[in-house]
Amino acid sequence: MAPASKAWAVVAGVGPGTGAAVARKFGLEYPVALLARSPENYEPLVKEINDTGGKAIGISTDVADANSVTSAFRKIESEFGSHGCAAAIFNASGRFFRKSVLELTEKEFTAGYEVSAKGAFLFTQAALPHLLKVAEESSTPHPPTLIYTGATASVKSNALMSSFSTGKYAMRALAQSVAREFAPKGVHVAHAIIDGVIDIPRTKEWLKDQPPEAKISAAGIADAYWNLHTQPKTTFTNEIDIRPMLEKW
Amino acid sequence: MAPASKAWAVVAGVGPGTGAAVARKFGLEYPVALLARSPENYEPLVKEINDTGGKAIGISTDVADANSVTSAFRKIESEFGSHGCAAAIFNASGRFFRKSVLELTEKEFTAGYEVSAKGAFLFTQAALPHLLKVAEESSTPHPPTLIYTGATASVKSNALMSSFSTGKYAMRALAQSVAREFAPKGVHVAHAIIDGVIDIPRTKEWLKDQPPEAKISAAGIADAYWNLHTQPKTTFTNEIDIRPMLEKW
Amino acid sequence: MAPASKAWAVVAGVGPGTGAAVARKFGLEYPVALLARSPENYEPLVKEINDTGGKAIGISTDVADANSVTSAFRKIESEFGSHGCAAAIFNASGRFFRKSVLELTEKEFTAGYEVSAKGAFLFTQAALPHLLKVAEESSTPHPPTLIYTGATASVKSNALMSSFSTGKYAMRALAQSVAREFAPKGVHVAHAIIDGVIDIPRTKEWLKDQPPEAKISAAGIADAYWNLHTQPKTTFTNEIDIRPMLEKW
Amino acid sequence: MAPASKAWAVVAGVGPGTGAAVARKFGLEYPVALLARSPENYEPLVKEINDTGGKAIGISTDVADANSVTSAFRKIESEFGSHGCAAAIFNASGRFFRKSVLELTEKEFTAGYEVSAKGAFLFTQAALPHLLKVAEESSTPHPPTLIYTGATASVKSNALMSSFSTGKYAMRALAQSVAREFAPKGVHVAHAIIDGVIDIPRTKEWLKDQPPEAKISAAGIADAYWNLHTQPKTTFTNEIDIRPMLEKW
């Protein structure tokens, strides 16, 4: 069954975990554009969504590059039309360096910020006009929604984690500023603190001696994001945390 | 249509706002017990739920009184059976004093704590065995859930607000401690920071010059609580904030 | 040498740790009143301060009892005169129960609040008029100061800690509310998060395999409090954390 | 009188406010190196400190440029010797853009991060070996100290402030990570949240209708930083806030 809505959704940072689950979920209702650096990351999913009655496109995008982001949104508009954006989810993370602050190269240190904050900024700038269009035309049943995927490191900055946490703290600052600026214009902005290991193929060997409730299900995150999206203008949640039942915090 | 579930739900602090909306929402799925000091606060709602195919009882309860709370839960069990508690929502608030710390009597100062924290503690102690029963028997599709209704004053303590904020800060501490203790046993504990004016008859004259999006809808809160309740064990949210789109924060 | 100042200081919660160190430090400048439940806790220190040229009195006080607190301040005034209070430090803690929320009696649960929050409130009410007197008369070189001793549990509420943390969260709410109300009137209010084990006789056996830098020195806390006290009106610190160099946080 | 210590201090971001006051304060005890982009910012102060018996050098430095920072520290060592760094204060802020997230250029958005976070990182990397030298040799009476100057925007991110706040949030993340990594090695790392308008020539016209207690005194900040520096290993403060008595918060 084709998506009911003409307004589309966009997910940046599609891999085997949260991004894919979110794309599947929002793809049930909206044409959905999947952005990732490497086509391998979205191709099977684009096919899956299209094969099961949805409407998806994948666009190879470097979220830290302004031209790449601009061109991705131009592509989305040319494919899906100028119906505006119902939901934009920023889920990208850069390379991860667990190193002493003394051992990080400048490039490694800034890698967290490049994707998590500068990338989030470029994505935000590109998505907002389309989100505002939906807000102004009230063309979807739910307020247009912009969600950022944060982490434990968005609120706690441990030793050896400065590259990652500086990017995530900065992303949270961006999310709060954008939320405050655009809520009065009808755009719902939310930041999610994902606290724990997500259950994906890459983490299969982690926490092996523990029951499944020691890891977060990506589908559960997608459901939580969908629930954020369906909140009315009178009831915006701007921050949630998400962790599996066995997580220590 | 009668509720599908035998496990029941309980809402403490049922008035015309959040409590009533939550009772209506959870009453679609569960037999629901409504606790409030004054029967006027729950009687019409009990009738409404029973008239529309649900199953509700009201119990006059002083949440700050241990005997009253114990006896309320005994009554619930005798009415609804020992099927356990699927959801317990603590939504009570004591009298509110906006006064200089120099002008508060001891009784006024402690009034916030009496209901928000001691009341929450007594409710928690009474509800937990019933929540654990559902967790152990996995007798509901969703993990049993314990939700506390907080406020802006749960995280910010302004001048003249000490009676209210000390109670709300303490309730948040309780919620976090209980969440950490009982999540590994399968009970989902969440704390909601309700930030703004709820749209109820009593606040009709407030923010009158503003559009409806300046107030929180109680039904929106109830939906958010339901969404918390339906989260699986792999995806627990322990804290959310909720505010209307026009709220300054 | 007798204290230079006629305005006095008062410390509630004097035991062998922080309270004693704070009394010694502030006793170098001010006549100092030491409040504790049991005279054993202040008697040697009162003697020590008086023997070394200071001026100290001890008053057996139950901070959770309004009459006891009122009478203590009346005693201070009769002994030290109506010169006002230069510094009031609330350092009392009630009995500590490390127990499941299911096992706490109501009395045990409320024990944390009784001292940490209600006691802090009663102390605040009693001290404020004397602090305001010093503020209005600018009778001391430093703005009058009210300091609350918090703990890790003031901002993190772990499993089994609800009695303690609910009291400490509530005290922090009180401190913030009082700070916001009375800073414009010239009273400096600060809250200290003491994060770690204090090095006192009772904790001698703790962390025994670690170097001294694994524990907090009470004298270090007293110095930090004194530094807070000497801040001018243009530079108030309202919250600090304090931990030993080897503390994990 | 020449500074007693051979170990030196370094202040990055010396202008007419906090930086200058901190340099003056630490210059009473240590030879002090002043870093700023423009020599105008440090030249009068270098002269003043040298004329009054201290020992100061100024180095034109772009903290966001790795080579510039490296060369500055080489210069310091060649001038002051390899005695290590007793205190390093990072006080630099980039250009400030108060703009909608939609109107910021990429360069404007990243400007906050470039100085506040990347600059802080480069400064941290350059200073740490010298701080560790002092820690290892215990060559100063106080543990070597690394202080970062934050702002209200380090913990609250308002509308139109994303360029500034993303940089400041990221700096706070860096400070926390470095604190956790290097405290066990004896380096005291602290982050200061400066909340309010600092009283400097540039802000002379601001808050003109208010008494002096509406602004923060730079000298007060310098005293607070000195107090942080003099804390022993048993009593590290990792975060303080500072605001004038009339600030709303």
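Note that the chains take the letters A, B, C and D in the order they are written out, and that residue 1 is the start of every chain.
The definition used in the following text is that a contact is a pair of C-beta atoms (placed from the backbone, for glycine too) under 8 Å apart; a residue touches a chain by one contact, two chains touch by 3 or more.
Everything numeric in this text was worked out from a predicted model, so none of it was measured.
Identification of common neighbours of subunit B and subunit C yields an empty set.
Homomeric contact subunit A/subunit B is classed as same-residue, with over half of its interface positions used by both copies. Relative to subunit C, the most remote chain by averaged C-alpha coordinates is A.
For the pairs C-D and A-D, the larger set of C-beta contacts lies at A-D.
One finds 46 Å separating the Cα centroids of subunit B and subunit D. Subunit C and subunit D have Cα centroids lying 31 Å from one another.
Averaging Cα coordinates per chain places subunit A and subunit D 35 Å apart. Multi-chain contact residues of subunit A, defined as those touching 2 or more other chains: 180. The complete set of chain-chain contacts reads A-B, A-D, B-C, C-D.
If you check the complex, the residues on subunit A that touch subunit D are 66, 100-102, 104, 106, 109-110, 113, 117-118, 121-122, 124-125, 128-129, 153, 156-162, 165-174, 176-178, 180-181. Touching subunit A in their complex are the following residues of subunit B: 143, 180, 183-184, 186, 188, 199, 212-213, 215-217, 220-221, 223-224, 227, 230-249.
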